[in-house]
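Please go over the structures that come below.
One chain, chain A, appears in both complexes that follow, with chain B as partner in the first and chain C in the second.
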Partner chain A sequence: MLVYKAWRESRVRFLLVLSALVAFSLGFLLEARVHFPPPQVPMLPYAAYVWSTFYAQQAPAAFSIVALVLGLGGLQRERAAGTAAFTLALPVSRVQLLIARAAVGVLELAVLAIVPAAIVPALSPALVHQSYPVTQCLHFASLFMSWGVVWFGTGFLWSILFTGDYTAAVASVLTPWAYIVVYANLSRGGRRFPSANPFAFMSGEIDFGGFARGLLTSPLPWLAMGVLGLVATALLVSAWRLTERQNF
Partner chain B sequence: MTMANSWVIETADLTKRYRDVEAVRQLNLRVAANRITGFLGRNGAGKSSTIKMLLGMSHPTSGTGRVLGRPIDDAQASRDMRRHVAYVAEDKQTYAYMTVGQMIAFTRSFYDDWRPDVEARLLRQYDLPIRRKVKALSKGMRTKLALLLALARRPQLLILDEPSEGLDPVSIEELLQALVAAAADGAAVFFSSHQIAEVERIADHVCVIDRGRLVVDASLDEIREQHRRIELGFAKNPPAWDWHGEGIGSVRTHGRQITIMARANADAIIERAYGIGAVSVESCAVSLREVFLDVVVDVEEMDQA
Partner chain C sequence: MLWYKAWLESRVRFLASGAVLGAYCVSFVQQARHNFPPIMEPTVPYSGYIWRGVYNGIDTLAFVIVAVMLGLGGLQRERGLGSAGFTLALPATRLRLLMPRAAVALLEMTSLAAIPVIVVPWLSASIGREYPVAQAVQFAALFVVTGAVWVSAGFFWSSVFTGEHTGTIACLLTPILYAAAVNGTALRRFPAANIFNVMNGTRLPFLDRTSFLLVGPLPWATLAGVGLAAAMLFGAAIVVTAREDF
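Coming up: the complex of A and B.
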């Protein structure tokens, strides 16, 4: 039932983003049916065309914001709504509440990361008369999820640290930009720690060993993904430790 | 569990400090099983802070407490305790996005002691629309839903924080009857209120908290027996006399009349009054309201001093 509660609390946000993503994917395909290949680049591979729309440009930043927003909510939000006392009087621990919320949020994020994989490869042959490999979509979904869980964990932590109604939301929207500014300074323009550049990592633009014409040709960067998973776990554990100490 | 000595709630020097505000000060509270205990206090006296500590929602700054024998500062023990405790919070908010029916199903899933027959009866009695979303309910209806969620169980301890707030007189009457029925059913009832008349009607025992301190802890019978209003009349202006002493609360002088609120030792006070020349003495029973005002004003004077 805690999972049901977490789902009910986040489903409006999730369904709005899901609807927008599905509409965007279908719109892309209908547009590609008419305008692909673009007359100015007649030799552009379809994979590069898909990549530039779904996985490059603003897409990593947009996904990061969505992940941060999905991490919001929880007991501080409930305190503002006046339901924290009811929730905390239930015979469940605070960590159980957190686990349910984290599980639902990560699952929602995974669904959003996979949506293009469900739509683009399936409908491209019929609508655009082109094919796009599912494995590419799944590779990109993995890259998006790797940084997505870090952003989700950050939003989760903000939602526990900030008690104001909109403070956590504002902090979440500003976080990726603040991070990029700090990263650009510390990494000497992105030359050091390339995997720590979230947008380049998610779009596959950094050199994992092979990226050409919009297609990832190398295996996934498992080590970097593992490190990002650990960072996300550390953020969630920090959120839990803080929640245990809070007064409601 | 320390049910052998029949205390469902016990605290020892329980203190809660929020920055520079001491909401609860070294509270030594004991609430007996199978009784209705009223927890009286003004707004901001420390009632809700105490209840939140008892239920593990906030952490004591110092001191200890046990509810149903389980320590309140042990997270696992507190969770186990909450299986046997029903609670109605001060603001009675439940999840706005759920319907009444979903809210009932959600809450029911956490408790083994749920009573479907009571749920059905209260749904009829309170006239709650099962398909309506909580956010569309009036304040009174939300209060009734919160009460249903607590009363449809068979808890060992029922804790209610200002339960009658937002209810009309008929609903308040139904609520008080429901609390009496819960106590008759074996539950200990501990409810906070600043509605003295409600406490006086149903409580067996009264605890009064003021500025975080417990200032009265007695059964209603003891209060009625020990607290007296003593009216003294003198033939001429009464002599200067230090009335402060054991058992004496507030003292008011109006010309040749002195009114003393006695908290104990009424007979000794009357004897003293005759000794200094009182020509008429009348000892009257007092209401809980008078007792409450007497102790609260006294605490205020002590703090100002």
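Coming up: the complex of A and C.
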């Protein structure tokens, strides 16, 4: 029931993003059918064309923002809406409420990360007469999810710290930019700690092996992904500890 | 009093956005000490470095998203909180409730667009580089006019959606989907139809691709069209709110 409650709270957000992503993916394929390869770059590999649309440029930033917004909600929002007391009166602990919300959010995020993997390799041969490896999509989905869960945890934490309705949303949306400012200064403009650059990490730019072809050629950075998973867990645990102590 | 109410509702958003955008601009210009000229492109001029980072970088996306979110709020949000009845009972028409909110949001967006005007030339001089104030002012003008469309989009969505986070996600998706539509469809052949291009001159003749400085007059006809689109969205929000049953 708690999972269903969490789903009801977030489904409009999730379905809006999912619809947009599916429409975008199909639109991309239909466009590629006519305009691939682009006349100005006739030798462009299809993988690089897919990469530049789905995994590079603004795509990591857009996914980060979606992850942050999916993390929003919960008891502070219910307090503003006047329903927190009803939820707290349910015969469940606060941690159970949080776990259900976090699980649903992470699952929704995973679905969004996998959508291109489900659409692009399956429909490319039929629509564009090109092939794109499923494994590439899954690797990119893993990279996106690695930072995605960190952003989700951040949005989750903000939604517990801030009571104002749009305050948490704005804090969430601004977090990646604030992070980039801090990162750029600590890394001397991105020269150090490349895995800590979320957008370069998500788009695979840290793997220079097959970068020109838009393909990931190196093994996935498991250590960095593990560290990011730990960071996300720490954020969610912080959210839990704060919620335990909050007075509604 | 309605202006003050609109300011109180949006000030946290505005101040947080100003702090982050300002910090980003300061950080980017200061990095020129280490990162300019870029190793990969040693011939790029300083104005090109600024253009790529401040006027065509992730800062642009941040500005657009913040502008959209400044448009959020209003009676639908108050309905969710249960205070719409009090606001509607004030001796003011719905139009008079909406106008100050729209004006405050536009003023806030204008202030955010003006941040690079202050930061970039001044900070550039402090690190021994030069960036013309006139260029920064012209880019700010482009950001203000195009930013009005994003504010009006947020204003419109917040009039349509009741769910607090539904309006937010609709707002965030708007620029992303718009960018996808103008870059991934036949509209790509009309660069002036892309508001992101109008913001910074990408693929448009008023930006010199060598110096990355604005040359010639601003595209007044395009800007008028953009302003008209913003006015239409504000008008649609007003019509929707006038007919809404709270």
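Keep in mind that, in the parts below, the second predicted complex is superposed on the first by the 242 of 248 C-alpha atoms of A that agree within 3 Å, B and C clash if a C-alpha of one lies under 4 Å from a C-alpha of the other, contacts with A are read in each partner's own complex, and residues count from 1 in each chain.
Everything that follows uses one rule, which is that a residue touches a chain if its C-beta (ideal position, glycine included) is under 8 Å from a C-beta of that chain, and two chains touch if they have at least 3 such contacts.
What you are looking at is a predicted structure, and each value in this text was computed from that prediction instead of being measured.
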{"item": "When chain B and chain C are modelled together on chain A, clash or fit", "value": "fit"}
{"item": "Contacts of A:I114 with chain B and chain C, given as first, second, both or neither", "value": "neither"}
{"item": "Contacts of A:V231 with chain B and chain C, given as first, second, both or neither", "value": "neither"}
{"item": "First (chain B), second (chain C), both or neither touched by A:L161", "value": "neither"}
{"item": "Which superposed partner A:T83 touches (first chain B, second chain C, both, neither)", "value": "first"}
{"item": "Contacts of A:E31 with chain B and chain C, given as first, second, both or neither", "value": "second"}
{"item": "Angle at the Cα centre of chain A, taken between the Cα centres of chain B and chain C once the superposition is applied, in steps of 10 degrees", "value": "90"}
{"item": "More chain A residues in contact [chain B versus chain C]", "value": "C"}
{"item": "Partner chain(s) touched by A:V170 [first = chain B, second = chain C, both, neither]", "value": "second"}
{"item": "Which superposed partner A:L16 touches (first chain B, second chain C, both, neither)", "value": "second"}
{"item": "Least Cα gap, in Å, left between chain B and chain C after the two complexes are fitted on chain A", "value": "10"}
{"item": "Chain C-contacting residues of chain A that also contact chain B", "value": "81-82"}
{"item": "Interfacial residue positions of chain C with respect to chain A in the complex", "value": "12-13, 16-17, 20-21, 23-24, 27-28, 30-31, 34-35, 58-59, 61-62, 65-66, 69, 72-73, 77, 80-82, 163-166, 168-170, 172-173, 176-177, 179-181, 184-185"}
{"item": "Touching residues (chain side chain B, partner chain A) in the complex", "value": "18, 52, 55-59, 75-76, 79-80, 82-83, 85, 87, 89-91, 93-98, 106-107, 109-111, 146"}
{"item": "Complex contact set, residues of chain A against chain B", "value": "1, 4-5, 8-9, 81-86, 88-94, 244-245, 247-248"}
{"item": "Touch list for chain A against partner chain C, complex", "value": "10, 12-13, 16-17, 20, 23-24, 27-28, 31, 53, 58, 61-62, 65-66, 69, 72-73, 77, 80-82, 164-167, 169-171, 173-174, 177-178, 180-181, 184-185, 188-189, 191, 199"}
